[in-house]
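Down below are the structures I want you to see.
Next come two complexes, and both contain chain A; in the first it sits with chain B, in the second with chain C.
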Partner chain A sequence: MLRVVVAVAVKDLRAELRGRELLPALAQFVVLALVIAEFAFDVDGSTAPRLAPGILWLVLVFAGLVAFGRAFAAEKESGSLEALLLTPAGAGAIFAGKTLAAAATLVACELVLLPAMAVFLGSPISVEVVATVLVATVGMAALGCLLAALAAQTRARELLLPVLALPIWIPFVVVGGRAVQAAMSGQSLAAMPLAGQPLLVLADLDVLFLVVASLAARVVLDD
Partner chain B sequence: MTAAAAVRAEGLVQRFGTHVALGPLDLHLECRARLAVLGANGAGKTTLLRMLATAAHPAAGRLELLGLDATRHRRALRARLGYVGHRTAVYPELTVLENLGLFATLHGLGRNEVDAALALVGLAAAGVWRAGRLSRGQQQRLALARAVVHRPELLVLDEPDASLDEAGRGLLDDLLAGRTAVLATHDAGLARELCDRTLVLRDGRQVRGRGPADGEDVPPPPVLATVGRG
Partner chain C sequence: MTENRGLYALAAVAVAAMLVAAWTIFLYAPQDALQGPVQRIFYLHVSSAIAAFGCFALVVAGSVVYLWRGSLRGDRLGRAGAVVGLVFTTNTIVMGMIYAKPIWNWDPTQTWDATLTSTVVLWCMYAGYLLVRRFATPGRPAMRFAAIVGILGFVDVPVIYFSVQWWRTLHPGHVLLTARGPQLPPQMLLAFLVTMVATLYLAGVLVAVRYRLEAWRDAREDREVAAQLELASSAGAR
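After this line comes the complex of A and B, so read on.
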């Protein structure tokens, strides 16, 4: 199964790197969103710690919708998704490979987002901010790709994906926002009580949604 | 079901909403037989082929492929089936080798099978070319290579001659050799050339099935529109 997961992920990433359709557009979107946010909220040194986490998650959520939506829509249209599914590899492994590639795409987007936030909003980049964003990406990608696979079966996929994904991503935004806000205010996440540890809560959400997505993927893709 | 049957369908029906797209249809095809499915646009050819390829569930009826129930044993069957649909479904950004290598990996196969399949369809020299730069006919050859890379026992081909040149059409006989095959085509000449029996569909129903034993020739396309009338 691992061989299939890696092969599908490599295929998606290779196609994206050669086609250069998604990553340049996402990078531009990230920068433009931050420029607009800076003007709209009039962010300065005093307001940045309060506003920056919200801006970060807003940008991340919308970038995720684009990245995950593309993961299945293009292949559904070309018929290549069906060709993959008509192999004995199993829908679960194919889904996992595509999720891995979509998560890597969002991480690439975050590599632009976090430094850009430091430049435009003066937000400090710390290990804790990076860890929070990366841990949240795993669960968001699993759930986002599952819903993207579901939405790809319909004609109104561009509308359906945000309607389905945004409410279910709220836990990531709430917990992740709290963690990033604490980290940007100079608080140590490790000093927080274990029960309220944002990184642990995010990791729990990751496990939950990875299990749900892997169980549901076969039904969504192949039935 | 006899041991030699590769395809057996009983009362096979496919519906889209309330519209009955196919059936009820009974079909029996022995191992290594070649069936051409003929019919006008919308007759149900693709619908039938998609069910035979396990890409779609029958709405009703029973379908056995290679001795296995097509609904319950889809994954096992997919290792033994090859399918080419209307679209070539190649990845344009990947090379020919990468395209076929991916599907070989998904079948648990290696480079040797990829090379053999490319040689079979005449693309051995095009391995490093991007699939998006191939002509439509070459992309169709790549799709055919994908369908046979795992040496399937049953080939299901939807208009496999689409965009193929004369040499490409000549390859089809080699691809079908030693296999059970079901192919949909509008070309009665190709059907006569490649297949030993035909199934003519109209409005999702079987109009007529023929084989060499019937002593009948496959009718040319214009006749299909009038078969069964009057």
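After this line comes the complex of A and C, so read on.
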């Protein structure tokens, strides 16, 4: 099972590294989104700290839609999704592998996004900001890939994925948004009470949605 | 027409029940001392919210049955529940806005609280549920995908509710289910209970009507497929 997961993830990442299609486009997307935000919000020194966490989540969510959408759309276009499902590997393992690869892609986006935000908006990069974004990525990838797998098998996948994924991601944006806001304004997340500890809440959400997505993946991928 | 007689009777009772509810709301229940006549929205506002939740619970039940047994009836129940639930959610949101205008001095930036946010997201989730049905290949794939979305939405909404509770919540808490019993005067409580029962009944009748409609639609599709198969086999015989 684990070998299949890793094999599928490595396959996706290798295809990406050889083709170099998605990553450059996503990096450009992230930078352009920041430029748009800069002009749209008319950001200056006094408003930047207030707006930066919101801009971070907006860009991250939309970059996620593109990254996860591609994960299954590319397979569908080349007709290799059926082939992949015909192999003895279980649908759950294939799904987990693709999720892993898509999560890695989104992490790569974040590697561009956070430094770019530091340059454009002067937002501090702290361990807490990085940890929040990484922990949120896990759950978002599980849900995003599940819905991308679903949307890829319908007629209007570009349309359906945002409509389904955006409302479902709201818990991550709510908790993560608050955590990033606190971390960027210099509050220590460790000082927050344990019950409302955003990283723990995000980790809980990760576990919940990983379980739900892995249960649902078999139904979505199984014809 | 005769096969619908039962549904017509149920619908007539629903109209009568809603009229009784209107009577209790506008004539029987006393005026609220603090909020004035606007408070009368409360009865139907809360009742529609409960009815909407009931409908979406039916969607989840239908989806689980469909995934478990592959039963068309479960899927049909999901289809019927989602449409009726969306209508009641819309009703709840619109009435809530009208209610909030004089009471909270409606300021959209100040009203992103847990109950409101999760209701709006609930609406989006089940609108998405209907969209999935429209875009997926009709038949089994559409049913499978819709069932997943129907269940996922129901899991997500409480999570959103509790995530937003981090912020201070403006929406009034529970006046009915408190440790000290209902916090409403008896006449208001009675008006509320009558309205709630009438609304739930109305929702049930609407789901039943919709279910019948979907059953006909399925039957028509079956007939069309059977006719085409027959055509194909007779062409093959020649």
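We adopt the following convention: the second predicted complex is superposed on the first by the 223 of 223 C-alpha atoms of A that agree within 3 Å, B and C clash if a C-alpha of one lies under 4 Å from a C-alpha of the other, contacts with A are read in each partner's own complex, and residues count from 1 in each chain.
Operating definition for what follows: a residue touches a chain if its C-beta (ideal position, glycine included) is under 8 Å from a C-beta of that chain, and two chains touch if they have at least 3 such contacts.
Quick caveat, the model's predicted, so the values are computed rather than measured.
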Contacts of A:Thr87 with chain B and chain C, given as first, second, both or neither: first
Partner chain(s) touched by A:Val201 [first = chain B, second = chain C, both, neither]: second
Partner chain in contact with A:Gln187 - chain B first, chain C second, else both or neither: neither
First (chain B), second (chain C), both or neither touched by A:Arg155: second
First, second, both or neither for A:Arg14, with chain B first and chain C second: first
First (chain B), second (chain C), both or neither touched by A:Val212: second
Residues on chain A lying within both footprints (that of chain B and that of chain C): 223
Residue numbers on chain A that touch chain C, as the complex places them: 143, 146, 150, 153-156, 159-160, 163-164, 166-168, 170-171, 174-175, 178, 196, 201, 205, 208, 212, 216, 219-220, 223
For the chain A and chain B complex, residues of the former touching the latter: 3-4, 7-8, 11, 14-15, 18-19, 78-80, 82-90, 94, 222-223
Chain B - residues contacting chain A, complex: 53-55, 57, 74-76, 78-79, 81, 83, 85-94, 98, 102-103, 105-108, 130, 146
Chain C residues touching chain A - in the complex, by the definition given at the top: 67, 117, 121, 124-125, 127-128, 131-132, 135-137, 141, 144-145, 147-149, 151-153, 155-156, 159-160, 163-164, 166
